[in-house]
Structure formats: structure tokens, C-alpha cells
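Written below as C-alpha cells is the structure these notes are about.
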Amino acid sequence: MIKVGIVGGTGYTGVELLRLLAGHHQVQLQAITSRKEDGVAVADMFPSLRGHVDLAFSSPDKAALDRCDVVFFATPHGVAMAQARELLAAGVRIIDLAADFRLQDTAVFEQWYGMPHTCPELLSEAVYGLPEIHRHALAKARLVGNPGCYPTTVQLGLLPLLEKGGLIDTQHIIADCKSGVSGAGRKAELPYLLTEAGDNFKAYGVKGHRHHPEIVEQLQKIAGVPIHLTFVPHLVPMIRGMFSTLYVTLTDAGQAIDCHALYADRYANEPFVDVLPKGMLPDTRSVRASNMLRIAVHQQGQQLILLVVQDNLTKGAAGQAVQVMNAMFGLPETTGLTGIAVLP
Amino acid sequence: MIKVGIVGGTGYTGVELLRLLAGHHQVQLQAITSRKEDGVAVADMFPSLRGHVDLAFSSPDKAALDRCDVVFFATPHGVAMAQARELLAAGVRIIDLAADFRLQDTAVFEQWYGMPHTCPELLSEAVYGLPEIHRHALAKARLVGNPGCYPTTVQLGLLPLLEKGGLIDTQHIIADCKSGVSGAGRKAELPYLLTEAGDNFKAYGVKGHRHHPEIVEQLQKIAGVPIHLTFVPHLVPMIRGMFSTLYVTLTDAGQAIDCHALYADRYANEPFVDVLPKGMLPDTRSVRASNMLRIAVHQQGQQLILLVVQDNLTKGAAGQAVQVMNAMFGLPETTGLTGIAVLP
Amino acid sequence: MIKVGIVGGTGYTGVELLRLLAGHHQVQLQAITSRKEDGVAVADMFPSLRGHVDLAFSSPDKAALDRCDVVFFATPHGVAMAQARELLAAGVRIIDLAADFRLQDTAVFEQWYGMPHTCPELLSEAVYGLPEIHRHALAKARLVGNPGCYPTTVQLGLLPLLEKGGLIDTQHIIADCKSGVSGAGRKAELPYLLTEAGDNFKAYGVKGHRHHPEIVEQLQKIAGVPIHLTFVPHLVPMIRGMFSTLYVTLTDAGQAIDCHALYADRYANEPFVDVLPKGMLPDTRSVRASNMLRIAVHQQGQQLILLVVQDNLTKGAAGQAVQVMNAMFGLPETTGLTGIAVLP
Amino acid sequence: MIKVGIVGGTGYTGVELLRLLAGHHQVQLQAITSRKEDGVAVADMFPSLRGHVDLAFSSPDKAALDRCDVVFFATPHGVAMAQARELLAAGVRIIDLAADFRLQDTAVFEQWYGMPHTCPELLSEAVYGLPEIHRHALAKARLVGNPGCYPTTVQLGLLPLLEKGGLIDTQHIIADCKSGVSGAGRKAELPYLLTEAGDNFKAYGVKGHRHHPEIVEQLQKIAGVPIHLTFVPHLVPMIRGMFSTLYVTLTDAGQAIDCHALYADRYANEPFVDVLPKGMLPDTRSVRASNMLRIAVHQQGQQLILLVVQDNLTKGAAGQAVQVMNAMFGLPETTGLTGIAVLP
């Protein structure tokens, strides 16, 4: 049994982690911390967990996280880096669902997250938690930076093309992305009220979004060449789900191959990436509450369109973190993640 | 032209008032106050008003409200009573959309609103702003307490029965009420996030709700006998709209009459109360963004069921306030309120 | 392994059955029939099942249902009774999710379902599939009529009171019920378009609803006395979920006891009925996609209010059917039903 | 007074036309036809119109449309062209909200709409009903093809650039468009159920959409050069609203100018096109139920992003048709279209 701690479980990634870990037969949930909710039963905050999770939130000081095998940080940015050294020293492995260990460049981190990076010496060993690319490194990782939700769709949506190289114009990639409102977290903020976000559609972050540098850094690693990405996120009046429409221009080499076959081959053995048959289009509900990501490949002359869906809280956050944990502890990656999407 | 001021126009009743008043040809909008948003253009906060409202919010001190003919308070409870004396003294008439002047009993007010009533001497002259009952008093009123949204549906839903008297068991009235989320106001509070209130249904306030004493006080005035009302409000995952299902038990006298005809007669000349033909059932969208309230009357043996719909922001708040203003200033009550419900 | 067949799996109860059965480790899915979709892969119709269900729909003639241990009918009313005799003769047990075997009185069936009952001789052995009441009979049942969604909430909401007897006025029970749109099934009908049912709330079936006689028949069996029930169903702009607000008047005996304790005791050992702590109110999302039903008990003088939530497709249909199957085959009732509600 | 007839008013463009025309003081509604609903009161089908529209639907034969000044066709494609000759001969002007008179090339029409064009001789006189481009021609037009909803956003979103010429790479234009569900019309079709389209996001028509050739034909007329447009429509879980995100690559000339100023100048006098201040982003609710279209211009290096919103039923259909009618009959274009967007 893997002894698991969660720091900061009062948000949506937290409750999703709890839902998944409570059904994971190799996991023993040891502690879940929240300074503010110290002593409150988890199931009182999230009645959906009544009968499944008996823990109460506890203050970080009392939580004995150092006796865990692994600790998930489902916290605002900045929390994990404050506690990472000590936990690692105690032999605890860390999966951070925030941004502290996603970006290698601390200057970029500081620009986008508005705080100094207090733990730069650990960045070089931090593994980027995308199992489809980094599962070998994850097997030995002590410290993992779990990807953002947008970055997961864009990277897995472009990976086969960029790995191969020479197939697309890497200076003109457009990612028109749409997210359900849960991506904004469980925070009392005006724009996410049902009365504001409901029956409404809008773009945001057009001038710049934190996930943009993360995506570009990772895409460049994959491709080995500079990437220019135009990235526009939008807010959809739904709770869960992310849909990314990616537009790339094929080179002559790209036009000469069957891109659908390229994707089907690359992901043939991936348990959580589903390349749809030609002509089938994805919708977000087909992955609701599951860890699956689905891709449609639509090729038309020099234009290639990739349509990618995932549940932003599952494959886009907590489910991916559990998949990472499985990879870190030598379990089949699908352990505890076999739940089928809820439709309708 | 009526010179109008609005105190506190940054909430949903505020923006609904602005929408209605901007299209009201007898109104000249003089000032709209917000201490916090002083200097901000109204249309920057509510882009729907771009091209329609040129005003900026101004600090209350600078607003020269005393030069208005009438001032609407679209504020939290407690604000109107702090400013009422001074405005009345300056000859300004007041329509308060909050609760300050709804309840005659200050002890009840203090119990439910958690603050002392600082203006008790004005209560006796305050008119309850339900034109279907009080339009003669409104014509001369200086000070109006505009009804709450639930109270409007329950009162107009029961009025014909209670006015007549002896028709129903007044000790067993049940009001199962359902409200869209905008009823909670434009406040950054967790329960009203799309992720919390969306795709979800719940009851609230079962132990007690502020509108309960207001409803009972008014119903008792209408009926002239004690009333026992069970009132359960629910939250519907929609933006606007209120649906009240009222269950009453008919006496022998009540069973002997045609209740539908009673309602049809009572409301025959009311411009904003629509008694549906027998067998037709209302839905909230049939009144969306309009000032209409619709009632279906379903009689079956000793059981009478009233189904009442309104837009909680229009007939349930801002529209009713404009109707009240029209009554106060001798205009046809429908002036500025002829907008047709938006369907779909 | 239980060999399972499904007749008519193209609706929402069908896809929910598939989701649950695909994750049930004691079940082997043998066949799923649809005359219209013969040959179509189930996962092509419901992409959420890609990778989980390999079956194709097959025409009923080819499906060899007689080799199954149990067959679920997720069909329109009337289909199960046409095939029941033959399957039972072949030793196949039947769980009908439609109404064919719910009502004992064929005249009532014919009045409400508009078709003759062609299988009246089997009604006496049909067991009503509510495990909380009939689990002993279910253990040996060959033929089960699975309850409707509304009836489940109303019966479990009133069961402790009615079993005990003498606690409430059985002539004045009001059930104000609210259902998500999936209750209407997967049928292309105008009123259930997003553009019609979305951002809207309405009542329906006020003159009479098919579930009314079913509820009354069962309540009378439980209580052993005549029941008068006023039942008003409403349509909520959400996909899944049912919320029933039940109003009963306590007798003196009823007022003398602690009703909350009565409920807590009655359901202490029920895996799928959760009596909430005093003061906690349920919401539908706390049971979304799970088989749990939650009840709050609010007692105030002679008025008792029960607030009951379930997922109409799970505990209200397919989940209950799986629970019934477990009871029929001697498995723990929770087998395959441990999925935690999806929140948010 | 303009005597107006409507053919086929039972859909969403029909009821939106009725809402707008019932509030238009220069219009006298003469007849509204529906063969299927002959004799049914309009307000029985659309209760939102109770008290505002007294007409009943009448069979086309009885409707005396030839006594109207103008007839709107809010019908499926193919109906207007069957009746156009006769009405024009009777001196009636025609505004077709379907596609019959949008495309000049009948072969393209036949390919996309799957029916022969039976009225090709009228195409040359048909005016494309986009007042921002064609208002002079509209003033004299007898026959108008009202633009589709997507085409309106894309054309007005690109118009200033294309009119000027030389500013963008016309071979690489991407329109990532998102529509509310009402764009699919009031038809009982499975994909548009709340249970299918709700809490869900998807693309459709990626292989080709009827609006694509319409957009390209018009853009090429504006630009005078060939255009290559990639167009991907998506379905948003909301009722009304359209959001188009347009990606264009600026030439050196394009990068040298202030694109925001170009747009602000071009639309300075347009009553229904609102160019937002730099940095402000639009959302669909800011135009809900109004005839306004809003554009944000975001320029970054060689990349220009246009974000365009409208209400698909108003500026995208019925509102635009009324604006066109005003232009045809010499009224101010804003007549009857001053309704303010409903927010929230």
C-alpha cells in the first residue's frame, strides 16, 4: 500500500484526487491538510464523499506528512516549493499539481506567477508529469511537476508531429482552447458565478496566459526547434471538460504522409490517449470524469486540424497525477483510473 | 421627465433597473452611486449598456441625489434607512428594493436582518410596493418598500382566495418555491459558482428564510386572519426566473366555486398578471426579462394548486420598482415595461 | 460470472447500465439488442464506452438471450411483457426497467400506459425491485419490475413513517418533485431541447402522471391504509438528478417522536440510503452518477419535511437494477456500485 | 405603417421576428403562415407573446400575403424560392432568412443544400442583406437574401481589413466559431437535447459547412482577391450567442498600421457594430437578445486576432432582417431594434 498525503484538498483538484484515491486499491490515504479547515471532516465539505472518505482535514503541522510515501500538492502556486526540501529529505516523493516545478526557467516562473521561486536548485531534478513522454523518468522521480490542463491537450495534440520533425510549420501553430469553468478552481470569484459564466461564452487571457510559456517550453523540448504558438483560451458554460482546436500548416513532407496513421501508431499502446477513427469528432462529455484524452485528426490539403478533448480535472489534473503516481510506484498506470466517462 | 437617482447600481437589480430605465421615455437618469466604483463608467462594468447609458458611478457625496424626483435603493439591507430621512426632507421620493421598509415590525426586521432598524418612525408611512394591492396608496407615497421576489409570487398567487375569505384552510398553506441563481445577487460567494450551482438542484433556508415573515405579514393583512405558511425555497441551475408551486386545501365554500374564474376576474385588468387558460402550465422562460407574472390554477377536489412564474429580477425586483414609480408619478403602469419576454 | 443480456440499450438507462455493468467484475456482458441499430458497435453510439464495451448491438432474433442468466429490459413500456414468458421458460431471470411489471392492477396499467397488458398472469410473481423493502423476495425472484425514478424517492422518503404507522396524516401527503431532463429519456422531442428546457423551469403532468398510481399502490402496501398523495413533477434544467420535497403533517404520535432518529435507525444498515445529519441539506450533485440516495429530515411542529435526492439514472433506474441483480444472485448489493459521486 | 407577413413563424427566427416586430411602431403584422399550425394562436405556441401578438397561424393559401408590403421567410431552405416570383409580381418585397438567395452560384447552392435552385433568374437582383455593406442597394431592393449567422460575424470581423486590401495574408484565414444551440433551430433532433448538448462542448461540420461557401463568396467580393478560409464551427452549451475567433496573419503593410484604429474608423457610424476599446474582450451575453455585434481587435506582431460576438437569433438572423427592412423602407435602421441586451 502506498501511504498518501494531500496538501490542500479543499479545491476541485483536491476533491477529484480524493474521489480517485478513495477508489484506488493500492492507496492508503494518510492525511489531508488544510490550515483553514483543521478538524473539519472532509465529507462535511464534500458530501459526495460521505461513506468513502473518513478523514478530517488537519493542520499541516500535525499531519505527519513525512511518514507518507508520496504527497500531492493540490494547492495554490508557491506552496509546494516551500515544503519540498524538507519532505524530500524525509524520503517522501512529491507530485505538485500547481506550477512550482513545471517551468525550468525561474525568470519565466516569476514573471507569470508573480512570486520569487524559492527552490530553484530542485528544478533540474523535477520531472514533468506527462507519462506519455516521461514515464521512464517518472519511475525514478522524487519530484514531479504535474502539467497544466491546457498544456496536456496541446502537447498530446501535437506530440506525434513534433517528435517526427519536419512535418509542420512550427512558426505558425494556433491553439484555440476552450475550458469548463472548474478550470478556474473552487474560489469565490465574480466571473465564475453561474449568473456570469452561465449561458455565456468568452475568451480571456488573450494578451497572455500562464500556460503559454509552459506549453512552448515543452513543445520546444519535444521538437528541438523554436516554436511560435498563438494560444487563445476561452471559457465554456459547463462544469468540466476541455476542448482544444489546434491548427497547423503541413509542410510538403507533412502533406505526403497519412497524419491519422501517424497519430494512431504513436498512441497505439497508450491507455489514456484515444485516437478517434477518421471522420469521428470528439465531445467533452465522452471523457467526463474519466482519465481519457481523445484526439481527432482532420487533414485537408496543407491544413491539419487536431481536435482534442479531456476532462480538465481528471486527465488535465488529478487523474494525470494519479497516473503519474502509478508510474512512480511501478503500478500499472491504469490502476484506480478505470472509471468510465459519465454520459449523459 | 422624472429625474431619477440610483443608489448602489452594481448588483443585478441595479443593472436591471438601468436596462429598464434607459428605455423609459419619461425618465432622465441623473446619478448612480457606488462608493467603490466612483468614476468608473457604468458601461465598462456592464458592457451590455454600451451606447445606452453614458453615466459613470459617482461617490454618494457627489451625486446630488437631493435634486432627484425619486431615488431607487438597489443596495444591501440597511443603506436606505440611513439616508431616507434626509432625502425625504429634500422632497425626494424613495423606492427601496431592499428590506428596510418592507416589515412593519422592527423586532422581526432585527431578528432576520441582524441589524437594528434605525428609522422606525418612517415605517408607518412606508407603502408596500405591490401595485396590484396598493396602487392607490402608491400614488401619494413618499417612501416605498419594494417586495421581495418570493413574496411577490406567493402573494399574487394567493390574493384572490384570501381577499374573498373562507375559501381555504389558512393554517395549512405550502409554498414550494424555486429561484434562479440571480436571486442571490452579484456577490462572489462560493455556492453560486457555476461549478457549484450548475447542473445541480437543492433546497436552502429550510429552517427559516427572511422572506417568510414578510410573506406572512402581508398575507395576514390581506386575509385578516392568522396564516400558517410552510415555505421552502430551492435553487435552480438557471440565471433568471422564479417558480412557486402553492398547495392549499379548499374549504367546502372553496370547493363550491370555480377558482379559475375567481383568479381570471380578479386579474382581468392587471397589465402584469396573466391568468393562464385552464390546462395551460407556465414556465419561467415565458416571462424571462419581462415584467409579467403568470399563474395557472389547478383545482382537484379539495386540493388547489397554484403555479406562479415571474422573472425574479424584473417583476420580482427592478421591473416592479419601475411599475411602482409609474404609479407614484401618475404614468400608465406599463410605461417602459412593454418589453416582451425573450424566448428562447 | 453472471451472463447478462440487455434488451434495448440505446437509451439513457441503457448506457448507464452499460457503464455500470462494464465495471462489474461478476458480470459477463453477452448481448445487447436493438433492432434498429443491428450491427452498430455500442462504442460508436456512445464514445464514452470506447475501450470498455466491445459489443455491437444485435437484432433481438440473433441475440441468444435465452443463454443469459438475466436479461435487463431498458426498453419502452410493453416490450418486456411480450418476451417475458419465453425467457422465463428458458430459465432466464428478468429485470424490467420499464413499467410492465410495476403495477399489480392491469386496468390501472392500461389507463396510464395506453396499451393492453398482455402478460397479466405473471404479475403475481413479479417482485417490485426496491431492495430496501423487498430484498428477501428478490433473492428468489424470476421476474422483477424495477421502480420508476419518482417512486423510489417518494417511497424511501416516507418508508420509516409508514412502516411504523399512525405517525402522519396519510390523507394529506404532498410530493413536490423535481427531475433532471434525462428522466425524459433519449428521445428527439421538442420540450427537451437545450433551447427549450435550458435556463428554464416548469411543472408538468399536474393533471396526472404515470408514476402517481405506482407510488400510491406501493405506499398503501407499506402503510396498510389508504393514502392520498398530491404529486407535482417539475423539470429542472440539468442533466441528471432528482430532488423530492415531501410535506407531511404529523399526528400527535408523530410529533412525540424524534423523526430524524426514526430515519437514521431504519436506514442504518442500508448501503445506498444516507440519512443526513440534522441540519444538513442535500443537493443532487452529491449523488451524481452514484447509486446513493440521501435524505434530510426537517421536523417543525406538526410539519415534517423530507428532502430526498438521487441520481435518476442510477438509484432511480440502472443502478437500482444492478443492485437488484446483485440481490437476486446472492452478491453483496454494493458489487459494481461503489463509484463515488462526481463533484463538481 | 408597413404591412408585414411572415411565412413559417414556428421556429426560433420566427418567434424572434415576432418579438421584434410586435415592438416595432411602424409595422402592422398582417399574417403569419404555417400549414401545420393553421388556426393555432401564435401565443398558444409561444406564451411569451401572450398579450403582444393576437394573430393565429394561417394556412399559406388563406394568408393574403400579396396584400403585404414585405414578407419575411423564416422557413427551411427552398420555400422562399418557390413563392418569390408570385409575390414580387404582386409588388411584395421579400426578405428571405434562409439560404435561397444568399449564394449567386446555383451549383454551389445545389451542392450544399441538396436541392435544385428553382429560381435562378432572380439571383442577380437579390441583394445580400448585410446593411453595413449593402445599405444603398437595400434601399431599392425587392428581394433580399439575409446572411447566415456565422457569415455575419466573419464578414464584419474581416471587413475593414479586406476593404482596404494588402493588409493580411488572404490565403491563411482561420475562423474558429462557436454557436449557441438555438442556431440549430427549433427541431426535435437528438444532438440538441439538453441531455446531449448540455454541459458539453464539441466541434461539428469540420469536413464542410454550408456557411463556408457563403462566407468565401462574400469575402472575395469584398476583397477582390481569392480567399482561403479554414472554418470550424463548434456547439456551445448555451441557448443564444455566437462567438467567432478569427486569426489572420498581417503583411508588412498590415503590421505598419494601427488595426484597432482601422476598425474604430470603419464602424464609427454603424449603429449595430461596436468596436471595443483596446484591451476589452467581448462576451456573448453582452449582446444577448440585442441587435448589437461587438468586435475586439488584438494585434501582436504579425498575428491579428479578431473576437466577434453577436446574438445568433438577432443580429445573426431576425434582428438583421428587421434592420434590412428598415433600410428598404427608408426608416432609421435602429427602429424597433433599440432593445438593450439582457444581462445577466
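Going by the order they are written in, the chains are A, B, C and D; count residues from 1 in each one.
As a convention for this text, contacts are C-beta pairs under 8 Å (C-beta built on N, C-alpha and C of every residue); 3 or more make two chains touch, one makes a residue touch a chain.
Here's who's who by UniProt: A, B, C, D = N-acetyl-gamma-glutamyl-phosphate reductase.
Just so it is clear, the structure is predicted and the values come from calculations on it, not from any experiment.
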| item | value |
| --- | --- |
| Pair with more cross-chain C-beta pairs in contact, given C-D and A-D | A-D |
| Which listed pair, B-C, A-B or B-D, duplicates the contacts of A-C in over half of its pairs | B-D |
| Approximate Å spacing (C-alpha centroids) for the pair chain A, chain D | 39 |
| Whole-Å separation of chain centres (CA-atom averages), chain B against chain D | 37 |
| Where chain C and chain D are represented by their mean Cα positions, the distance between them in whole Å | 45 |
| Residues of chain D engaged with two or more neighbouring chains | 12, 182, 186, 195-196, 198-199, 237-240, 282-283, 285, 288, 344 |
| Complex contact set, residues of chain B against chain D | 12, 15, 19, 22-23, 44, 46-52, 182, 186, 198-199, 239-240, 274, 276, 280, 282-283, 285-290, 292, 294, 313, 338-344 |
| In the complex, chain D residues that touch chain A | 172, 174, 176, 178, 180, 195-196, 198-204, 206-207, 230, 232, 234, 236-241, 243, 245, 247, 249, 279, 281-285, 288, 296, 298, 303, 305, 307, 309, 344 |
| Residues on chain A engaged by chain B in the complex (per definition of touch) | 12, 181-182, 184, 186-190, 192-199, 237-239 |
